[in-house]
Amino acid sequence: MIETNHTFNRNIKRRQNLGKLFYVLLLLFSLVGLIGLSALLIQILRDGLPYLSTNLIFNYPSRHIDQAGLKSALFGTLWILSLTALFSLPIGMGAAIYLEEFAKKNWITNFIEINVGNLAGVPSIVYGLLGLTIFVELMGLGRVVLAGALTMTLLILPIIILSTRESIKAVPNSYREAALALGATKWQMVKGVVLPIAFPGFLTGAILAMSRAIGESAPMIAISALVYITFIPSHAMDRFTVLPIQIFNWVSRPQAEFTGLAAAGIIVLLTVLLLMNAVAVYFRNRYQVKSNE
Amino acid sequence: MPRKFFRDIEGNIFRGIFFACAFLSIIVSVVIVYSLLSQAWGFFSEISFVEFFSGTRWSPILKPRSYGVLPLVSGTILVSMIAATFAVPVGVGVAMFLSEYASERTRKTFRPLLEILAGVPTVVYGYFALSFVTPILEKIFPDIMVFNALSAGLVMGLMIIPMISSITEDAMISVPKSLREAGYALGSTKMEVSLKIVLPAALSGIVAASILGISRAIGETMLVTIAAGATPKMAWNPLEGIQTMTAFIVQLSLGETPHGTLEYNTIFAVGFVLFAMTLLMNSLGRYVVTRWGIKY
Amino acid sequence: MPRENFDREISAVSNDLLILGGMVDKAIESSMIALKNMDNQLAKDIIFQDDFIDRKQIDIEERCNNLIATQQPMASDLRTLISIIHIGVELERMGDYAEGIAKIAIQMGKEGPLKPLIDIPAMADISRDMLSKSLDSLVNRDLIAARNVLKQDDEVDQLYQRVFQELLGMMNADADVIKRATYLLWVAHDLERVADRATNVSERVIYLITGKLEN
Amino acid sequence: MNESILNVKNLNVWYRDFQALKDVNIDILSNKVTALIGPSGCGKSTMLRCINRMNDLIPDAKVHGEINFNGENINSNQLDPIDIRSKIGMVFQKPNPFPKSIFDNVAFGLRINGFKGSIEDEVEKSLKKAALWEDVKDRLKDGALELSGGQQQRLCIARTLAVNPQVMLMDEPASALDPIATLAIEELIRDLCSEVSIVIVTHNMQQAARISHRTAFFMVDQDRCGYMVEEGETNQIFTDPQDERTESYITGRFS
Amino acid sequence: MPRENFDREISAVSNDLLILGGMVDKAIESSMIALKNMDNQLAKDIIFQDDFIDRKQIDIEERCNNLIATQQPMASDLRTLISIIHIGVELERMGDYAEGIAKIAIQMGKEGPLKPLIDIPAMADISRDMLSKSLDSLVNRDLIAARNVLKQDDEVDQLYQRVFQELLGMMNADADVIKRATYLLWVAHDLERVADRATNVSERVIYLITGKLEN
Amino acid sequence: MNESILNVKNLNVWYRDFQALKDVNIDILSNKVTALIGPSGCGKSTMLRCINRMNDLIPDAKVHGEINFNGENINSNQLDPIDIRSKIGMVFQKPNPFPKSIFDNVAFGLRINGFKGSIEDEVEKSLKKAALWEDVKDRLKDGALELSGGQQQRLCIARTLAVNPQVMLMDEPASALDPIATLAIEELIRDLCSEVSIVIVTHNMQQAARISHRTAFFMVDQDRCGYMVEEGETNQIFTDPQDERTESYITGRFS
C-alpha cells in the first residue's frame, strides 16, 4: 500500500538550530534602526538641552550666541506651512478624486498617473530650482513667503495626491456599486459614500505631508538663500526664513557653541514634528473605518 | 425633470474642477523640465556636452575653471552605494523580523518608531553625521577627514532603512498567510518558510524598495551638504570628502553668484542630470513592481 | 423558522395523500353499497371516479419527486417523501380494487344476488378501518397504532378463509350458483387485497418512524 | 399573473473583442423569482448587470439588443441609467452595507432619490419587509458593520427595497453566508416576490431549485462565449429538462 | 469524467435489480414446474427462497434511499432511482405470487391434478416474457419495447378469461372438481397479477425515459 | 480494514479564555474519508488544526487531551511539530500554490524534507496521484498561478502527497471552486483514500454525504463552545441520524 521507496532525511534538529541562529541575526538587524534612532536623539538632547531657553524661541537670530534665537524662522515655518496647506490640500484632494473616481481609462489619465508618480520621486532641490526660476524670477515674486509656499505646494502635491488616492482606493468597490445600484449619480456616490469613508485616511496623509513640508530645507535654501531675517513676515510678500535653514546656518558655523544652538533648534523642530505625527496617528487609530474585508 | 438637471450640473462642475487639479501635475512636470532646460540651455551654449559629461574635473567657480560633471556624479554614486550596502540588508532583515517573527504588538510599536526615523528632517541627519558618527569613525579610521563620504553614506543608510523596510514589509505582509500555512503544513521550519517562501514571493517588492531607496539617496541634499564636504573629486575613497550634485546646487544657491552668469547656470545643468538620474531610477522601480509583482 | 416553504409543501402533499385516502375509502364504501343494492348507477360512478383517484396519485407522486429533486431532503424529510410516494401507490391500487368490485357488482346485477352479504361487508369494514387507522398513524407518527394495523390483517384473512369455504360449499351444493359464488369469491379476494395494501401502508409508516425497512 | 416585466431580445454583450453573451432571449415574469444558473464564466453576472445598466461602468463593455422594461428599451440612450437603477435594484454577492448607521444605510437611497415623506417611516417599512426590523429596531443608530453576515445581507436587501424598485437583481446573494443565514435569505426571497420581481444568479443548483419559480440555464461554447440553453419552470428544469446539456449539468456530469 | 462514483453505484444497484428480476423469474418458472409435477420439495424451496427476494428488495430500496439522500440526484438520475425503488417493490410482489402458487401446489398435491395444464403455463410464459422484456427495456432505455409489454398484458387477460370460463364450466359439469378448479383459478389469477405487475414495471420504465407518469 | 489511524481522546481547546472545543472523542479510521460537518464556528477547523499541530502557530491556543497517532500522543512535547506535519499533511480552503513553477511547488516539500532519490520521478508520481499529470506534464516549468482554480487545488494536493503523509487533512478544500472543479476534487478524494486516510471539513452536507465514509457532526452550545454530537457511518448519519440535533441540522431546520 504505502510505498517504502520514500527516503527522507529530515534532520529536524539541525534545521531547528539554524532557524534559531537566523532569528538572532534578524533581531540584531532590527536593533540597528532603534539604536540609530536613540543615538540620534540622545546626541541631540545632550548637545541641545543646555541651549534650550526662552531666548531661543523669542529672539531673532544674532551673531551673539547668548542672544541668538529662531523666532523669525519659527514664524516663517508657520507661514509657509499654512499657505502650503491652503494651496496643496484642496488641489491634491481634487486631483486624487478625479484620478480615482472620474477619470476614464485613456492615455491622458495614464500619463497623469505616471507623471504624479514621477513627481513624487523628484529630488526636493530640483523643486527649489523650479521655484527659483518660475516664482522668484519669471513671475517676479522675489524671494518671498508666497514663492516659498508655492514651491512647497508643488513639492508635496504628489505626496498628497498619492496618499489620498490610496485612501480612496482602500474604499472597497462594493460600496460604489451599492450606491450606484441604488440610483445614485457618480457625484452623489463620491460625496455620500466614498469621501466619508476615505476622509480619515486623507487626513493622516495630509498631516504626514505637512510634516514633510516642515522639514524640507533644500528648496527653501534655493528660494530664499541664507539671510538674516530679523522680523516676522507680516504678509505673503515678505521675505522669510524657516527652521531647518536656521539650523543649517548654525551647523555650518565653525564655533562649537553654534552647534549646540543648532541641536536646540533641532529639538524645537522635532517637537513640532512629533506633535504633528501624534495627531496623524491619533486620526489613523480613531477614525480608521473597519470595512468588511 | 429639473431634479436630474441640477444634480447633473453639480456633478459636472465638480468633475471639471477636479480635472483641473489633476492636470496641474502635468503642468508642473512641464515647468520643471522647462525651468531646468531653459537655464541649462545657456550653460550648454557655452560648454559642450562632451566636456560636461566626460570631464573629470569640476571647478565652475575657481579658476582654472573646468566643467566635467563626473566628479559630482561619482560622489553621488559613492554615497548612495554606501547607503544602499548598509540599508538594503538591514532593511530587509528588519522587514522580515517584523512580518514573520514579531508579534502583532511588537509590529504595532516598532513601525511608528521606524517611521519617526523616516520623518526626521535631513538637516538633523546632517548634524548627526557630523557630530556623532564622524567622531566615532575617527576612532576607527584615524586618518578620516572631517567631511567624508562614509559618515554621510552610513547616516543616509540609516535614513532610508525605514523606507526600504516598510515597502519590503508591505510586500512580505501581502504574501498571503495561506502560503505560509502551506509551508508549515509541509513540515517547514520558520526559517524555511521565511527564506524559501516569503522572500521569493516578496522579491519584486524588495528590489523596488531598494531602487526607490537609492533614488532617494541620490536626491538627498542637506545631509550630504553638511556631512560629505564640498570637494568634488573622482576619488572612490570613502574616508575622504567629496561633493554630490545636490550639495553643489546648495553651495551655489547660497553664494552670491549673479543670475544669468555661466556659473549660475551650472546648477541647472547639474540639476537636470540629477533629475534625469532619479527619474530613471524611479521608473525602473515602478517597472519592477508592475512587471514582476505577483498578483495573488 | 427556516424551511417554512418546504414544510408547507410537505404538509400540503401529506394532506393531499389523506384526501386520496378519503377518496379511496369512499370508493370502497360505495362499492359495498353498490354490491348490496345491485345499484348499477352507483357502480358506474365508482368506475368513473377511479380516474380522479389515479390522477391524484400521479399528482402526489410528481410533487414528491419535485420536492426531492429541488429541496435536497435528508433523513426524516426524505423518508417522509418516499413513504408518501409509496403510500400513494398503495392507495391508488386499493382504488383499483374498489373499481373491480364495482365492475363485479354490474356483472352480478344481471344474475341477482346469491345470499345476504354478511362476512364480505365485515371484511370491507375491517379493511376500511385498517386504511383509516394506518393513515391516522401516519398523521400522528404513531408507531403502536401502525403495528396494530398489522394484526388486523389476520382478522381479514380469517374472514376470507371463511367466505372461501362457505362459497365453495355452496358451489358444491348447487352447481347453479357457481358463477355468482365465483363473483363473490373475487370480491372477497379483492377485499383481502385491500387489507393487505393497508398493511403495506402501515409498514411504510413504521419505516417512516423508525427508519428501518421490514417486510 | 404570468405577465412579463422584463423582456430580453437578442441580447449580445462584448467585452472589447470577446463576446461574453450571445443571442439571449428571455422573459422575466413579474412577481416571480427567476434563477440564472450555469458554469462559471457563462455570463450570468454579465446578464444581470445589463439589466440595470451597471455594465455602463465598464468602459470596454458593449451591449446590443433590447431589454424592454415597462415598454421601454433599457438599452436605448433616451433612458437615464440612474433612473433605471432606482427602478431595478441590485444586491451583491458579499453583503456590502455602507459603514454608516443601520438607519443611514436604508435612508441613503431615499435621500439621493429625493424621497418626499417621512424617511423614518419608510426606513421602518423597508426593514420590516426585509425581516430585519425586529433584530435592529432598538439600535438603528449603531454601525451597520456590527451586524452578522446574514443580517448585513438583509440590510442590503432593505436598502434596495427602500427605493421601491420593481425588479431586484441578486448576484449570488448568499454565497458569502453560512448555511443557516443562507436559508433565512432564501425564505426572504420567496416572501419578497409578492413585492418585487426577482432575478437571482446562483451557483448552487439546489438553491435555484428551492427558491425560484423559473430557471434559466446558461452555458459557454468553445469560444468561452455564453448563451442561454433553456429556460422554463423550475420544477421542469430540475426534474425533466428538455435539453441534454441542462440534464448533464444539473446531474453533475458536465465536463 | 465526473460523478464516477455515483455512476458506479447507480449501475451496481441497477444490476442488483436485474438480479432480483432473475430471482423472481426463476421463482415463477419453478412454481409452474412444481405445479405441473406436484413437486412438493420444489414448492417448499420456492417458499424458502422468497425470503431472499424480500431481503434483496429491501437492500435495493435502502441503497437507493441512501443515494438519494447523499448524492442529490436530479432529473434522470432521480427518476432512475425512484423507478428502481418502485420496480423493486413490483418484483418483490411478483415473487410473492410465485410463492402463492407454490403454496397452492402443495395444497393441490393432496388432491391430485385436475387436467393437463395448457393455458396456465402459457400465461406463465407470457408473464415471464413480459417480465424479462420490461427489464430489458429498462436496461436499454427502450421506449418501444416497454410500450409493447403493455400490449402483451391483453393477451394474458384473454387467456385468463378463457381459463376462468373453462374452469367454471368444469365446476358446473362436475361438483367434485370444484375445489381443485378453484385452486387453478387462483393460480390463473396470480399469473394475471404477475403480468399486471410486469405492466407496472414497463410503465415505470416509460416514466423513466419520458419523465411523464401515465396510468 | 477498520483499524483507526488517529484516536482523539478528551480533546479540549481554548483560545485564551474562550473554549472552542470541548471533550471531543473520535476515532479516525485508516484509508477512509471522514467528514466533519457542523454550523460555522463549531470548531471544525480548530479540530483539524489540532491534529497536525498547526495550532502551535496561534499563540493564544491551548490544547488539552490526547491525539494518538501511531501509538504516540501528538500533543506531547516529545514530538516535534515539524515532524508531525510532514506525516499529517493539510490542504486548505483556498488553493494556495506557491508562486513558483508547478514543478517547484511539488518539489518544495521533498527538498525541505531532505528527500533522497529522483525528485523528478517523485514529482511525476505525486502529480499522477493527484490526477494532474496529464494537464501539466508539458509545462512543469510554468508558474503555478497560471493554472485554473481546480487545477491549483489539485496541485496543492499533489504537493501534500509528495511528502508521503499518512493522513491528509482538508479544510473546505472545494469551497472556493466552481461546481465542476468541485466534483473533480470530490472524485479525487474518493480515489485517494486507498493511499491516505483523509479528514475533510466541509460546509456542504451533500458533499460530506457524497464523498465520506464516516461523518462527525459538531455543534456549538450556548457559550459558543463546540462539541461533537455524533459520529458514524455517513449513510446512517444522513438517512437516520441517532441524535435529534443532527437530524434538525441536516434537514435544514437548525436555528
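Note that the chains take the letters A, B, C, D, E and F in the order they are written out, and that residue 1 is the start of every chain.
The rule we apply is simple: contacts are C-beta pairs under 8 Å (C-beta built on N, C-alpha and C of every residue); 3 or more make two chains touch, one makes a residue touch a chain.
Predicted model, so just to flag it, every value in this text is computed and none were measured.
Trainee: Count how many hops through touching chains it takes, at the least, to reach chain E starting from chain D.
Mentor: Minimal hop count between chain D and chain E: 1.
Trainee: Would you mind telling me which chain pair, A-F or B-F, is linked by more contacting C-beta pairs?
Mentor: Between the chain pairs A-F and B-F, B-F carries more contacts.
Trainee: At what distance in angstrom does the C-alpha mean of chain F lie from that of chain E?
Mentor: 48
Trainee: I'd like to verify one number: the distance from the centre of chain B to the centre of chain E, where each centre is the average of its C-alpha atoms, in whole angstrom.
Mentor: Taking the average C-alpha coordinate of chain B and of chain E, the gap between them is 92 Å.
Trainee: Starting from the mean Cα coordinates of chain B and chain D, work out the distance between those two points in Å.
Mentor: Once rounded, the distance between the two centres reads 51 Å.
Trainee: Residues touching two or more other chains, restricted to chain C: which are they?
Mentor: Residues 2-3, 6, 65, 69, 72-75, 78-79.
Trainee: At least two other chains touched by the same residue of chain A: list those residues.
Mentor: Each of 10, 12, 15-16, 185, 188 in chain A touches at least two other chains.
Trainee: Check each residue of chain F and list the ones that touch at least two other chains.
Mentor: Where chain F meets two or more other chains at a single residue, that happens at 82-83, 86, 112-113, 163, 180, 183, 205-206, 209, 238-239, 252, 254-255.
Trainee: What residues on chain B touch chain A, complex-wise?
Mentor: So the residues of chain B in touch with chain A come to 7-8, 10-11, 14-15, 17-26, 28-29, 31-32, 34-36, 38-39, 89-90, 93-94, 96-98, 101, 110, 112-117, 119-128, 130-132, 158, 161-162, 165, 187, 189-192, 194-195, 212, 215-216, 218-222, 225-226, 246, 249-250, 253-254, 259, 267-268, 271, 274-275, 278-279, 281-283, 286.
Trainee: Please name which positions on chain F make contact with chain E in the complex.
Mentor: 180, 183-184, 186-187, 190, 206, 209-211, 234-235, 238-239
Trainee: In their shared complex, at which residues does chain A touch chain B?
Mentor: Within the complex, chain A touches chain B at residues 10, 12, 15-16, 18-19, 22-23, 25-27, 29-30, 32-34, 36-37, 39-40, 43-44, 47, 90-95, 97-99, 102-103, 111-112, 114-130, 132-134, 137, 154, 157-158, 161, 185-188, 208, 211-212, 214-218, 221-222, 225-226, 244, 247-248, 251-252, 259, 262-263, 266, 269-270, 273-274, 277, 281.
Trainee: Quick one: in the complex, what on chain F touches chain A?
Mentor: 31, 80, 82-83, 86, 112-117, 122, 163-164, 166, 194-195
Trainee: Using the touch definition up top, name the residues of chain A that touch chain F in the complex.
Mentor: Counting only chain A, the residues touching chain F are 1-3, 5-12, 15-16.
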